[in-house]
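First, the structure itself, so that you have it in front of you.
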C-alpha cells in the first residue's frame, strides 16, 4: 500500500534520501486557470501592447517562483532546473496557464511545474485585482510527468477545459 | 472605469506609490481547496497522530510562504505582517484551507493571504503525491478584506463548499 | 572630518543604529547606462512588440532586486519600500536606466535605487548577451535624494548623457 | 542572424532549455570600477587595518551576491558555482574590481561574475557614501569566458584602465 | 500557567497576532561561545591583519543572518531591525560572541540577536574547520532584553565565562 | 601545517575552488542540545499530541534551514543536498538534536548538518521562550563525516550526553 513518503517510520517529516538515485532527464507539465469576468479577460488581451502586458509579468513571476520551489515547499529537494516554459491560453472567462519544467537530476520537477503555475496565477490575480476582486484560481494539477523511476504519468481528464 | 493600477500611464509595470497612505490595521481572509481521493483525505486524518501530520507541515509552509509574498509577486509591497492563522477543514473529497493575515501598514494583505493558501495547498499536494498523483488545487479566492481605503470586501458566493 | 559610518570606533563593521531617528518620507533617484552596439539598441526597440520586450523583463528584475537590497548589501537596513518606478531612455549606443524609490521610514533608499538600476542593467545584459557580448554597464550613480536628516542631494554633472 | 535567445518563437520570455547540454568546466572573469575622490581611495587603503576594511566587506558581498544570481536575474539558470575569487586593485581615482567564477555545469557563469562585480561595487558605494556621495560605478563588463559550446571570449579593449 | 504562545487553543501553530501592540523601542543582547584548541584561537588573532580576518567574516555573516531571522524561524514576525552590533572577545580556548539588536517595532528582537550569534558561530566554525574539526558551539543564550510589554529580562548566571 | 583554506595567499576571503574535485556520495552528522527546565521538557512532550508539536516545527525549520546554508555562511558552496533527517532525543533537562545530511557532490555537507541543528535549536527556543526564557543552546558539533577526500571523521568524546 502506498505511503506518505515524506514521513519516516516514526511519522516524522524528512527529506527523502535520493543520494543513490541516478541522474536522468526529467520533465513535468502542470496546468491551472484563473477565472475572471469576461471583461477582465478582454482587458488583459487588449492592454497587452499599449497598456501593459499582464501575462509577461505573470510569466516571469512563474519562472522565478519555480526556481524558489525548494525554499517554499518544506521537504522538496533543491534542484538546478534546466528549462522553464510558461504558456497562457485565452478562454472566454479564464486564462489557462501551462508550465513545463525540465531538469537533469536525481528527482523530478513536478512541484516546480505546479509552483510555476501557482505563482503565475497569483500574479495575474495581483495585476487585475483592482478591476476584478472576485477572481478564482482553480484546477491546478499535473498533466504530464516523465523521466523518473516511477514511470510516465499522463492525466486522463481535461481539468482545464473552457467552462 | 477601473484600470490596471500596476501599470503607469505609459503601460509600464511599477510598484504603486503608497508613501502617503496612512498606516491602518488591515485584515484579509482567503480560501482554497485541495481535491483528492476520499481515501487520501482519510489517510491524512488517520495519520495525524502516529504517522505524520501532513496538515501541520502545510500550515508552516503557508505561514512561511506568506512572509515571502513580496519576493514572489513582482509588484507587491514588502509588509511586516503582524499575524497569520491557517485553518484546515475536512471535507469528503478535499481539504479546505483558510488563511487569515493581518498587518498594521500602508497597504493590504490580500496577496499574503492568497499566497499562504497557495503554498499550503502545494505542500499538501507534495506530501500526498506518492499516494494520489491526480490531486487538484481549486477555488483559491479572497473571502474577506477590511481596513483599507477601498472599504470592506465580502465574498457572496460560497466557492469552497463541499462538492 | 567625514568618517566611514559603517565601522564603529574599533573599526568593526556594524549596522548603524537608527532606532531613534524619526520616520519621514524619503525619495532617491539613481541612473545608469548599458552601452552596446547601435544594432543592439535597435533590435531591443524593434523587438518590443512582437519578439519580446527586453525592457519589461529588466524593469521587473530591477523592481524585485530593489526589494532584496538589504539581503545583498551587508550593512543596509531592511526597509519596507513604498514605491518603485523604473524608466528606460533610448540613446544611440546605450539604454539609460532611471530608478526612483520611495519609503516612509527611518533611513533612506539610496542603495535601493542604485540596486534597482544595477539589477536592471545586468538583466538587459543577460537578455542581449547572445547578440552582443561586449556590452558595458557604466555611470551608475545617485542623481537625487531627499527626505532625510542629511538634506537634499542633487547631482551636478550629467553622467548619463548621450555619448 | 543572432537572436535574443531568452525569448521563444512567440516572443515570450523563457528559461532556455539546457537539459541536453553536457556538463563541462566553465570559467568567467568580469571587471568593473568604482570612481571616487582621490581622498576616498586613500581613506579606504589607510583604514584597512585599524579603522575597518571596506574591501573585505565588499568582497564577501560580491561572493554572496554571485550565489544569488539566479534569484536576481529572471531567466538565469540556477547553478552550483564551484569557486569565486574577487580581487581589488587600487587606482588613483577608483577601485578596480575583478571577479572570477567557476562551475562544473551545463551553462556558463558570465552573469555570476558580473553580479559579483556589481554587488561588490554597490557595497563599496554603501560603505563610503557618508564621505563621498558622488561616486560612480562604471565599466562593468566581461573580460574572459571559456568552457562552453560558444567557445572562448577574450575582451580586446581595456575598459578598466586607470583614468 | 505559562503556555506555548505559538500554538492556538486547538494546538495548531500560528504567528501570534501583534497587530494591536504599540510600536516601542526594543533591544536584545545574546551571547554564545565557539570552543576550539588554544592554537586555533591564537591563529585567528595572529592572522587578523595579514592572513585573513576570520572574525570580520563572522561578524558580517551574523549581521546578515539576523536580517534573515523571520525567514529561518517559522513563526517569527518580520521586523525592520534598526541596529545590529556584534562583538567578539578572545578567551583562552574559545571566542565569545555578543550580539546586540535593536528595533522600533511591535515585537522584540530576541530571536534576531540569538540568530546573529548562531550564524556568526557557524561561520567561525566554517572558517576554521580545516585546522580544527572538533570545535563546539555552546552557551548560546539571551543575556538582556528590554522595551516590550513583558518587561526587562536580565540573565543572572554567567554562561559564557572563561572555562 | 594546516591553514585557513577560506583565505587565499594574500589573506583575502574566497570560495575555495572545487571545480576539479570528483562527485562522490557524502554524509555528515551533527548534534546539539537545548537546555531548559525539567518542566519545559515535560511540557514539550506532553503537548505533542493535543497542544502542538514543538519538535515537528523545529524539525521543519532545521530541514529548511539546511537548504539555506550557502546563503547564510558566506564562503559555503551551494549544494543540492539529497537527504536530510533530524531526530530529537528527550533528556531530563534538555532536548538533544541530531541532524544527518547527505549529498552527491563535489564538497561536503558538514555546514549543512550544523546549520540544521542550529536552526532547529533556535526554533525550539522560539517556541518555548514564553514559558522558559533562560534556555541555553550548547554542544553543537560534528559527530561524523564521510565521503570526501579528507577521509572519515568520527567524534571521540560524547559532547551531548545527559547532564
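Residue numbering begins at 1 within each chain, and the chains themselves are lettered A, B, C, D, E and F in the order written.
The working rule: contacts are C-beta pairs under 8 Å (C-beta built on N, C-alpha and C of every residue); 3 or more make two chains touch, one makes a residue touch a chain.
Quick caveat: nothing in here was measured; it's all calculated off a predicted structure.
Steps from chain C to chain E, minimised over paths through touching chains, total 1.
Comparing the chain pairs C-D and B-C, the larger number of C-beta pairs in contact belongs to C-D.
By residue number, the contact pairs of C-E overlap by more than half with those of exactly one pair in A-F, E-F or B-F, and this pair is A-F. Comparing the contact residues of chain B and chain E by number shows a mostly separate set, under half of all numbers used being common to the two copies. Ranking every chain by how far its Cα centroid lies from the centroid of chain D, the top place goes to B. Chain centres here are Cα averages; for chain D and chain E they lie 31 Å apart. Chain geometry summary: the mean Cα position of chain C and that of chain F are 38 Å apart. Across the assembly, chain A contributes 12-13, 53, 56-57, 60, 64, 68, 71, 74-75, 79-80 as residues in contact with two or more other chains. Looking at which chains touch one another, you get A-B, A-C, A-D, A-F, B-C, B-E, B-F, C-D, C-E, D-E, D-F, E-F.
Against chain A, in their complex, chain C makes its touches with residues 49, 53, 56-57, 60, 64.
Across the interface of their complex, chain B is touched by residues 8, 12-21, 70-71, 74-75, 77-80, 105-106 of chain E.
The part of chain F that touches chain E in the complex is made up of residues 2-7, 11-13, 32, 43, 47, 50-54, 57, 60-61, 64-65, 68, 71-76, 110-111, 114-115, 118-119, 121-123, 125-142, 145, 153, 155, 159.
Residues of chain D that touch chain F in their complex: 25, 56, 59-60, 63-64, 67-68, 79-87, 102-104.
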